[in-house]
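Down below is the structure, laid out as structure tokens.
Chain naming follows the written order as A, B and C, and within any one chain the residues start at number 1.
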Amino acid sequence: MSVSKVVTGNYAAAYGALLSRIQFAAAYPITPQTFIVEHLSEFVHDGLLDADYVRVESEHSAMSAVVAAEATGVRSFTATSSQGLALMHEVLFLPSALRLPIVMPVVNRTVAAPIGIWCEYNDTMPQRDSGWIQAYVEDNQEVLDMVIQAYKIAENKDVLLPVMLSMDAFILSHTVEPVEFPDQEAVDAFLPSYKAEHAHLWPEDPMIIGSFTPPEYIQEVRYQTDQAMKAAREVIKRVTKDFASAFGRNYGGLVEEYRTDDAEVVLVTLGTVTSTARDVVDEMRDEGKKVGMVKLRYFRPYPFEEIRKVAEGVSAIGFYDRSISYGSGGPSYIEGRHALYGLEIPVMNFLAGLGGRDVRVPDIKLMFEKLLEAAREGKAKKDIVWIGTRGVEP
Amino acid sequence: MYEVRFHGRGGQGAVMAAQALASAAFKEGYYAVAFPYFGAERRGAPVLAFTRMDKQKIRRKNQVYNPSFVVILDDRLIDLVNVSEGLNPSGAAVVNTRKSPEEIDLGMEIKVGVVDATSVALEVLGVPITNSAILGAFAKTTGVVSIEAVEEGIRDIFGGRIGKEAGEKNAKAARVAYDRTVVGTSRGEKKMVSKKQWLPTVQELPLGLATRSMETDAGLVGPGSFVENKTGSWRTFKPVFNRDKCVMCLLCWFYCPEGAIKRVDGGKTLEFDFDYCKGCGICAEECPTKAIEMVRD
Amino acid sequence: MINIKDLPDEELFTAGHTACPGCGVALVVRNLMKVLGKDTVVYLPANCLLVFSATYPLDAFKVPYLHLLFENSAVAAGAIRRALKRLGKEHVNVVALAGDGGTADIGMQALSGAAERNEDIIYVMVDNEAYMNTGIQRSGSTPFGAWTTTTPVGKKIMGKTEHKKDVMKIMMAHDVPYAATASPAFPADMLKKFEKAKNKEGFRFLQIYTTCPTGWRAPSEKTITLAKMAVETGIFPLLEYENGLLTVNYRPKGKYTLEEYLKIQGRFRHFTPEMVEEVKRWIDMRWKWIRTIEEGQKVVSGGE
């Protein structure tokens, strides 16, 4: 029997790991991820979780440890945030090339300077080329459900890639809301134990992993990883469906469309802004404004087809970003424009909530108004719009 | 454009030779480029270096596939490496050897200049390092650069790297080698074979390169497969084992970095595996009964 | 106690690797693998050993090995060991084979963490006293005065201006179950230490003197001679730290002088008498410390 409890996003993440029967974890505390490592410690010390949990001396070591453990053949888990992810950067490229299906929640937090602890995506976005599947979630239920789904996707034989689960600092990590906890039996049925067939470190079946490799081989390895990322698209869709039939919650695959039928403009969101934006869409619909929203659930693999399909039916499209590639706009916008190449509609970028600034209902409303204006004019006054920035006209 | 491929061994200074040739060519009014084969080979292992020379700016940054000339710093490399691979038949080869041109078989009949650069180096420099002397032979054989330019190039590169005096001596080695170089035509009887390489497709390549021991068309790969690499060819000195003096203390067996000394006859005696012995000389040095002696291979 | 004759014939670290002739690392690793046996997993950081023994698709190790990065040997090896235990493979040794740079410098943080957590691994520091893989740059383990490409013999400054970092002492400060230094020129002592390290539990540390003829500008046949001289001159003491106590395994008998040791190696060619004196002062200082510990231990155990 599943039970519902009011818990933080961090608790949901840790509990997701518990339900996934992780065998190995290594982590280093960093605000606002700390509750995850604390809860994991409690689970292990209370005997609820039978896993090796190594409280290492840095995030670099945390990621090194989970990669080594996963290469040895056990299901492995870690979690971090911001500077911690930046310190892991060097290690992140290993599991994607070595094909080790690690799962890691990242509590999105601003990367210094200036130092801050609040939500910004300049920690995860710069890692988008490291070969990790990247998902963004909007509430604590999705945090828990996605940890379980992430293992299912990562360990699929056509994928075998690590998954980074991006969850907003404080807005999810430290906020309590009701979460339904599935039965362990149901999770076990959905997610069988990990079998390390393609890579392991067992003397009875010796393998070499991570050799010094000349140019004759590396390009093929890159191609393999690229193929795996592409294959992940179908696997994600299938796992979303399977999860829905097992647990009754359907998240829609790579994207989730919200009131896009007959929409005149759509806003592509990611993270918790999605959740607030649902209210804004409803309000504006009530006012007779034909607005819709697309929740970008996965940034890697990027849902090119899905985004393009939505855009083909509207008069203007906007991309919300919580980080910036200086001089070029936000990463979601950059990727979106690539997906929409050749499409003759206004494509806009809305930058808001950087450094953890609150993204309010009027801010999101303003994004839709700007989109409706661009749809009317057939052209945006400004392609890249900074929302709520003092001294800057939106 | 002239393209030159140097065949040497790690530690023999093939790269410096290629650079000195580039400097010489530059002095002759060429635009010249020299570069190593970007590998991680250790001392003694076969290595490559390249020089390109042209009357205009060289824009090509890819590797050399059809050299006009090959320079071979050690004639034993001819048996190990396909030194004439891609060699332009109207070009030439330059070889450090005691043999005459007619005794050299490059698998193709081609102009070849020979010199005993090792003896020249020993006479002039006091060490068997042939990377400067061989350039004198190059000037004599190809005529692409003058011996004066070669001397200047050596003063420039060697002098800058190991001191003015050493630069001068190396320039002299080139001059002596120039005078002694004999040019003729090589034989073309031998069948030159390039080493087979395992080049699996994306589909064949193990996921993430996690590789088990397996046989491929190029031999064994994976755990324990380095036995495919016969490092015995690196050797310049060779251990000679006097069984009668051996007391089976096994120090040589223990100290061999290659594991090239084997216990045989139920542990009664030892055997040397010359497929792998690199000739480091530790065994001879450490043998308490002087049962091993190092001799020129 | 294992001696040379007892070592198996099978090479778990095979011939054909591309180490320089006379490589001290290759000969130590070859024998270490014989002691550890088939039930072993090796972790290699980025170092010479990786490049000369694991060049894809060829590989000298017959046992499984993993390479990830440079600075994480201790933590990666610890994770492998934990994962193996979880899979019921309790009997498998896990050994990290790191160089001196990968240990004394960039790997120190992970090493310290793993030692403090008492990870159940054998950590071997193959000490050739500089970054050899990248072409002979100074490390924290490079001795005083030595020439390297980043401590050149210049007109104003000649060689390295600092002394060698004492990693053994650092490991003792972690109170690990077993820590030892060894030299291949003392085979019985080295093999005993390999065996002890294999049979103990918890974090085991070995610092092995591994001559690098290429980087030290020394003749390849002198690899063992140098390893002998280093011990005899007192510059590399053979020590063992076990159950909280320090043991000196060999007392230098003065068979060689420091001057003789320095003379064979091109990296010390520029030494002035003052530099030789400075090294002597350093050796004396270290031995004074060792003797102080020894005497202290005697006093304490005598008083009990």
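As a working rule, a contact is a pair of C-beta atoms (placed from the backbone, for glycine too) under 8 Å apart; a residue touches a chain by one contact, two chains touch by 3 or more.
Remember, predicted model here, so these are calculated numbers, not experimental data.
**Student:** If you connect every pair of chains that touch, what shape comes out? Choose line, ring, star, complete or other.
**Tutor:** complete
**Student:** Please state whether A-B or A-C has more C-beta contact pairs across its interface.
**Tutor:** By the number of C-beta pairs in contact, the winner is A-C.
**Student:** With centres defined as the mean C-alpha position, give me the chain B-chain C separation in Å.
**Tutor:** 32
**Student:** Any idea how many Å lie between the Cα centroids of chain A and chain B?
**Tutor:** So the centre of chain A lies 53 Å away from the centre of chain B.
**Student:** As a quick test, compute the distance in whole Å between the mean CA positions of chain A and chain C.
**Tutor:** Distance between chain centres: 44 Å.
**Student:** Could you list the positions in chain A whose residues touch two or more of the other chains?
**Tutor:** Residue numbers touching two or more other chains: 71, 200, 206-214, 217.
**Student:** Of all residues in chain B, which are in touch with two or more distinct other chains?
**Tutor:** Residue numbers touching two or more other chains: 40, 209, 211, 222-223.
**Student:** Multi-chain contacts only, two chains or more: what residues does chain C have there?
**Tutor:** Where chain C meets two or more other chains at a single residue, that happens at 51, 55-57, 59, 61-65.
**Student:** Mind listing the chain B positions that touch chain C in their complex?
**Tutor:** On the chain B side, the touching residues are 10-11, 40-45, 198, 209, 211, 216, 221-231, 234, 249-251, 253-260, 262-263, 273, 275-276, 278-282, 284-286, 294.
**Student:** Under the touch definition given earlier, write down the residues of chain C that touch chain B in their complex.
**Tutor:** 4-5, 7, 9, 11, 13-24, 26-27, 30-31, 51-53, 55-65, 184, 187, 213-214, 219-225
**Student:** Going by the contact rule at the top, pick out the chain C residues touching chain A in the complex.
**Tutor:** Interface residues on chain C, with respect to chain A: 38-41, 43, 50-51, 54-57, 59, 61-69, 71-72, 75-80, 82-87, 89, 92, 109-110, 112-113, 116-117.
**Student:** In their shared complex, at which residues does chain A touch chain C?
**Tutor:** Touch residues, chain A against chain C: 23-24, 26, 52, 54-58, 60-61, 64-74, 76, 90-91, 94, 200-203, 206-214, 217.
**Student:** In their shared complex, at which residues does chain B touch chain A?
**Tutor:** Residue list for chain B touching chain A: 39-40, 197, 199-202, 205-213, 222-223.
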